[in-house]
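Below, subunit A partners subunit B and then partners subunit C, in two separate complexes.
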Partner chain A sequence: MSARKRTLLKVIILGDSGVGKTSLMNQYVNKKFTAQYKATIGADFLTKEVQVDDRLVTMQIWDTAGQERFQSLGVAFYRGADCCVLVYDVNVMRSFDNLENWREEFLIQASPHDPENFPFVVLGNKVDVDGGNSRVVSEKKAKAWCTAHGNIPYFETSAKEDYNVDAAFQCIAKNALKNETEEEIYLPDTIDVAQNRPTKSSACEC
Partner chain B sequence: MASPGGEGSRRNGPNESLRSFTERKKHEHSNPEGISALYEELFGDEDNERPCYLPDSGEEDNRVAEQDGTISREEKGGGDWKVERELRKEEGTSAEEAGPKMSNELGAGDLREDSGRGHEGEILQLRDQELSTRNGGSAESSSTEQSVVLDGELSSDRGLDGPVSPTSSQGGTSGYMAGSGSSSASTSSISGTEAANDQESEGTGNRKEERGAWVPGKRHLQEDDTHPSWRRHKKHFFILSNAGKPIYSRYGDEHKLAGFSATLQAIMSFVENSGDTVRLVRAGDHQIVFLVRGPVYLVCISSTDEPFQLLRDQLELLHGQLLLILTRAVEKCFLKNSKFDMRPLLGGTDVVFSSLIHAFSWDPATFLKAYACLPLPYGARQAACGALQDMTDTGVLFSVLMCGNKVISLVGSRKASLHPHDLLLLSNFISSSESFRTSESFSPVCLPRYDSTAFMHAYVQYLTKDTCLILLTTDPNDFFHLKECRAQIEIVLRESDVLREVENSIERGGLRIEDMPESEGSPSESGSTRGDRASDDATSTSAPEAVPGTGGPAGLWHFIYRSTYLDQFISSEFSPPLNTRSAQKRLYRAYQKLHASMHNTEGGGPHKMQYRRDEFHVLLSWRTSDFELYAAFDPLAEKSSAIFVCNRICQWIRDMEAEVFLLGAAPFNW
Partner chain C sequence: MGGGGGGGDNETYASMEEANAVDYSAPSRQQDSSYSVASTSAVQVEEELYKKERMTLLQENSVDSTRATDAQSSGVLDDYEVVYVKDNVSVHPTQNALGRISGRLRLIKQGPSLFMTWIPYSHGGLSRQGSNVVVKGGLRNRMGSRAAERDRNLYTIRAVSLSEMRSIRRHTPPFGWQYIIIVLTSGLAFPPLYFHNGGVKEFLATIRNHALLVRSAEDANVYLVNDIQDPLQRSLTSLELTEQPAQPASAPSQEAPWPVILKQEVPAAAENDVKREGSLKQDSRADSLRKRDHARDLSMNVLEKFSLVTKFARETTAQIFGESRMYLDGLDMDRGPAPRPPSDAEVLISGKEAQASFNKGEDSSSGLKSADEEVVDDNLSADDEGDDQAATNVGTFELVDGTQDDSPSLVWGRARPPPLGSEEWRSFLDSEGRVMDPKALRKRIFHGGIEPEVRHVVWKFLLGYFQFDSTYAEREYLIAKKKEEYEVLKAQWQTVSPEQAKRFAKYRERKHRVEKDVVRTDRTLPYYAGEGDDNANISVLRDILVTYSFYNFDLGYCQGMSDLLSPILYVVDNESEAFWCFAALMEHLAPNFHRDQNGMHSQLLALSKLVQLLDRPLHDYFKQVDCLNYFFCFRWILIQFKREFDYENVLKLWEVLWTNYLSEHFHLYMCVALLKRHRRRIMDEQMEFDTLLKFINELSGHINLESTLRDAEALCLHAGERGAGCIPPGTPPSIPDEEAGGWSD
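Right, the complex of A and B next:
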């Protein structure tokens, strides 16, 4: 454990299947893109170290499967997340409509301390497809949704073209850090001899 | 190399004492006189020399076959292999075979760990690796070697599976595991070469270390789960939060292993979701052991073949060490904030965990639930206890005087009891933290078995280079009082010459089997065995120094004696032929297994007595209401004389009880 304090951020990526969650993550972490679709099973985990201002941050990225049959992963999975990334495909209306469900699902399962201010980031992916001609969700519509849900930052991205991916993840890290709760001072109790000793000593089984 | 019936070993130094190859096993013997009815009942009709309780005795023949293969391989390898010991063929064969265990002759700078019985595969692979190193280290040569050498059952796990890594695609054992790589996509990098290199792990860089010597701090820090070398370590330990955030990893940087931590958490959570808890996953020769303690998850991934329960106990101890540093109050932080990152609170304590994990492989205290005392004249120990006792009456909860990890004296206030594990964890915490050595310290510590929810405070000062005084109090403002206590204790200890006696004891070292007194009732047979052996050695080898290396009476090599009432144990020093780290570790692992099977309540246990023979040792363990004895003998040792010697050990220890144990240690007797 190094002397310099490093921060670890748990980032969960949610969204319908096929919107490009894994591709975004792969582009961000490995600078790779493949057009071949391979469904994520359960979840994938990647780590990436980034510098945010003067802090060294390790992002632990949880790339989840979009299929409904994996939704049961539930509570334990979302526990302790620092940031949640919602991804949709700008060419598929349904994936945008479902953002609402993903967000609610996350808030229920993760039950964060302060749900109103929990850091989300929304990514509209696949803006490169067909030169933007097959697009069905306009930027304006998406931004309106984000504003209505507590000014969620919004990015239009293309994992294929590596467009806006770095910027989006940089924002994710920043927002997660902003939300970091103040470090509480850790002050455990000291044994109260008068109270504890008789019971404790007899309770101690060797 | 060894050829049947001939002398094939090379000696590389006067200390390398080898046993003669020409030695024959004696099949027929009568039970010597003086053996109790119990022994006769247990062993009287055992004329085929099979271990009484050995569950897997059927493997023996296979093993011998393996060895045959090995030897030819060895010859091809040629060069300067040094044979440390030889093997005995199981039944009625005329020749002894050279065992495959090699010593560290190559300059690779690493000492291999191996894991007790049933590890021919490892040894063969060890050689493969060395051969390939020799030949320029190509992966091809290594894996070919493997397929040639490893036939039969032993080739199964090793060659095919390689080290498991939950981040790699392990054939889809769980949906979670599949495809879960980390930042670089190296999920399929496991090859035969890696398996062959498996030996390097634990001892890397330690070759010259004496037993117990340990390099503080974390090694292999630059590694992460994408490094083949990281995957090859034989025993990993991880601590993580139930959100999957890494807290501690034995090897590699925790942050770089964040993806791996997440994988572990996902596996555990997946089972947790169904209202269950995962305890063990077996994958090839790897065991993945899980322990959930509140919001803290502990995981051990091991290919050391240690019993499951033992690994679990080690995780419990690791958790205890965490509590010793932070108390259970840390769990509240997770309740308040599930994002809580525990790592900053543990800053600088890497070394404490690493040192404990090291102890798992060397300190019997970790599995015996007992502590060891420094042998001292009775009077000196009494004087030390007296000095501590006086202070305990002034409000000190526990006073402990230790030398290394051995207790000189230990006094607790009335009604307070100290669990051997608390003592182990406390002693590890103090001895592994370098800063305690340089100045007097006052540090909050938690004794998890005494009260895991709260801190007490430890005043720590080294009185000499090795001798450390620990005073525990519950009053955080007690520093100056304890400082005063220490001064008084120190005066008494110096005046009564206790510290000098301690120095003398350190100089003398521990018990040596060679020093065990001859007993009058020694059966003639045992004597003649020794005689034959000596003369065989003399004729077949040109180095007469070999004789002392055959161990104590009846081929006794080593023993551990644990007193049930005192929760204390004493073990003999390692002496030739147990003079390599690998031989010592092999014996340690064998003891661990033996201990586990003696106490195992499933599968026929717990046992009162066991006699095991494998290609490396004869092991005898004996458990009564007063003590447990674990003794290791030369693999050719005869059962009857081994039993006789065990009786002598017990008598010897009883005679020395006042010196080797802390008697009347109030904290443990209630």
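Right, the complex of A and C next:
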């Protein structure tokens, strides 16, 4: 493939309020964590240069308000996304239950051309809390959900302890890039895309 | 999830309402005899339709409005013809489904004219829905239904002629119903009309069959209406439309430095205000429609050019506001003892000249000048470039050119007066504690703010918790009574037992949401400092917010509310009083948090119109980069700039906003002022949606409040009624009526 014009990968982080979306983004991009974040109002993003295989790409990571009441704004923010990161708090069942809603909402609002194969990544955050004793969503349960939704890659993270954050975003970048590549192949002609399809493993192969 | 969701679709009604509705559009056509005759007969048509329909409906007893009425109702009736009917077209003044006002939209053809009416269904229909309401958990008090009744009257659209319409904008949100916004030539806009049963396309198609409807070249969702019969005018109007694409934002004419400079002594004429009024009123003549449309567009350019005309604008606009008394405390230095302001008309160029220069592709015009051409000679000419100062009888002032200079604040060579102190505050009160002149007080605070030591008292007035005309004793009583009331509300959720909570998901969810947010609200401030909930004030924040979410169960808790409450609690420093102050503020701002984001959308739309009025090139730029949704200003508006300034400045800003002194929507002028200030960078760096959002977000903490307030004030004064016309009625923080003015019985 020849040189691409576009090396900007747009990634959207979604999930209930307070699950740690802003913290994850800040930990990944700025290597910082603070307990003093404010609830995100509207939306914001950070960018980071990432190397994926032999390519240097810019990842634009969008952080949005977590209250579903603001979702009608999504249509403006989700447009052109290359990957969607769904975050829940392993200590809050409801945030896990809502993953389904977030996923659907994203697909409706972003309306990617190939929703079946649009890359999602799921992060179970706050595994550090209380030494894991307050956890209510098991890894098994989360993985089962991911498998059932087209083998979505799954990571357990702690933005506070910087646990698994880099690995998760590396995978996110890779999937976003893959999506972008597929799009480019997809658009001009009818080369088969199907072969890329069902072989994603539940963890990222990076 | 998301969207408008639920309700509305299955609304039923029993009979049509008696025709006693407010004629919403009356002011825009008062001077035109031929129109008012036509309109009157259209009203008669409407009334006759009422009668016929009431008869039919009585016979049918109860009618399911979802049935197709179109075929049955349309048809020739005497000398008029209903060419379009749509049921379940509604106005959504509030978030909850109950507040929606459903009605019937019609297009009526009479002779060569087409009229639109929208009549809400009768009260009987709504009270029938009462059962729905209770199921949904809404408690509707009598006050509420009176308000609903008033709303229905307020929103009724009776026989507005198509000739009074300027444009129809169609909105197709990804969720919820399609809706249209109709803007009148007067600049007024009707609130969005939601088509619950579809039919927008038909509606437009019907209009197109009877009138000239042109899709805007600038925005495919905007249809410009014009049914002017005169072929010459028609062609001119079309010409104007087609000229738009040929003049992109980057066209030389737009980019050229504005050469308009005020230079000469402008004579002060006693009849200035008369002249102004004349020009405002008389241009509703059909004859001037075309001219006015030109003038309107051009006036936007002129406003841009003149960007700000200091005292000049202040003086003239002071007249618009009908303000005769000056605040002469020696602080207001701009104002001489005997101000004799020149009229707006004198600043602007005559219509004739405007036309000429328009044709040359230059930017100069008169917005309001159709009636007084005689001022031509006194006017500036587009050739007078070079100077940057102009003298008037009220002194010398600078003209700031919005294109060349991004700092309109330069025109305000004055500092804001010092804040209102306790001694001065006492001077506003009579012996029993009543505020003698609320307007003067609001004006004083608008210009100077409040000293921290009296803030906690004065805020209660500004927010509407205290009435201005209450006495010390009455307020004492109010405080005690409201405290009791608060305790009762608070007990409602505090007495929920763990067993009950297990079965009460809504309660758990709300409490959880609030708790998530209060622990991350202003923790850097000593008052709220600490980790987790180890600070008593954080617990108070939580209690107030959870109580509020029970007090206003339909609205619940929404992110952003903790930001709005935090400064109130900090200033008032009393749980019950902070609650009631917050509740009073939410009377104005609740629509910001409505599920369908209606309140936010209407403010963003109004902002877009204001920018169009006050900075046309910037508007054109935003259009070009597809940013007219103004989502990048979302945070500014949602929480009144709470995240953009340090705490002390947030307090200063809010008390200014809450005075509602120049405008209830002063925050929108703040937005315009900030965008204008950075317009050069925005355009030079060709910011697009994402970069623009980032840029705006990062302005946080770097905004000079004082100068922004001055800019906003200047813009607001300069925009005057035209600015107000950009903001549809009911746009938050306005409350449609006065019912929430205070809390005393």
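Just so we're on the same page, the second predicted complex is superposed on the first by the 173 of 206 C-alpha atoms of A that agree within 3 Å, B and C clash if a C-alpha of one lies under 4 Å from a C-alpha of the other, contacts with A are read in each partner's own complex, and residues count from 1 in each chain.
The rule we apply is simple: a residue touches a chain if its C-beta (ideal position, glycine included) is under 8 Å from a C-beta of that chain, and two chains touch if they have at least 3 such contacts.
For clarity, every value in this text was computed on a predicted model and none was experimentally measured.
Look at A:109: by the touch rule set out above, it reaches subunit C but stays clear of subunit B.
By the touch criterion defined above, A:163 lies against neither subunit B nor subunit C after alignment on the C-alpha atoms of chain A. With both structures placed on the common chain, the touch criterion links A:60 to subunit B and to subunit C. When both complexes are overlaid on chain A, the residue A:82 reaches subunit B alone and has no touch with subunit C.
Of the two partner chains placed by the overlay, only subunit B lies in contact with A:7; subunit C stays clear of it. When subunit B and subunit C are set side by side, the one touching more residues of subunit A is B. In the superposed pair of complexes, A:36 makes contact with subunit C only, with no contact to subunit B. Residue contacts after overlaying the shared chain place A:45 against subunit B and subunit C alike. In the superposition on the C-alpha atoms of chain A, the part of subunit A touched by subunit B in one complex and by subunit C in the other spans residues 38, 40-45, 60, 70, 72-77. Of all the residues in subunit C, the ones that touch subunit A in their complex are 1-3, 173-175, 509, 512-513, 516-517, 520-521, 523-524, 531, 558-560, 562-563, 593, 595-597, 629, 631, 634-635, 638-639, 643, 689-690, 693-694, 697. Residues of subunit A that touch subunit C in their complex: 17-18, 35-45, 60, 65-77, 92, 94, 101, 104-105, 108-109. Here subunit B touches subunit A in the complex through residues 167, 174-176, 178-185, 241-246, 254-263, 265-266, 268-270, 272-273, 326-327, 329-330, 333, 336-341, 343-350, 369, 397, 415-417, 419-420, 444, 446, 449-451, 453-457, 474-476, 567, 668, 670, going by the rule given at the top.
Considering their complex, residues 1, 3, 5-8, 10, 29-30, 38, 40-49, 58-62, 70, 72-77, 79-82, 110, 113, 180-181, 183-184, 186, 188-193, 196-198, 200-202, 204, 206 of subunit A touch subunit B.
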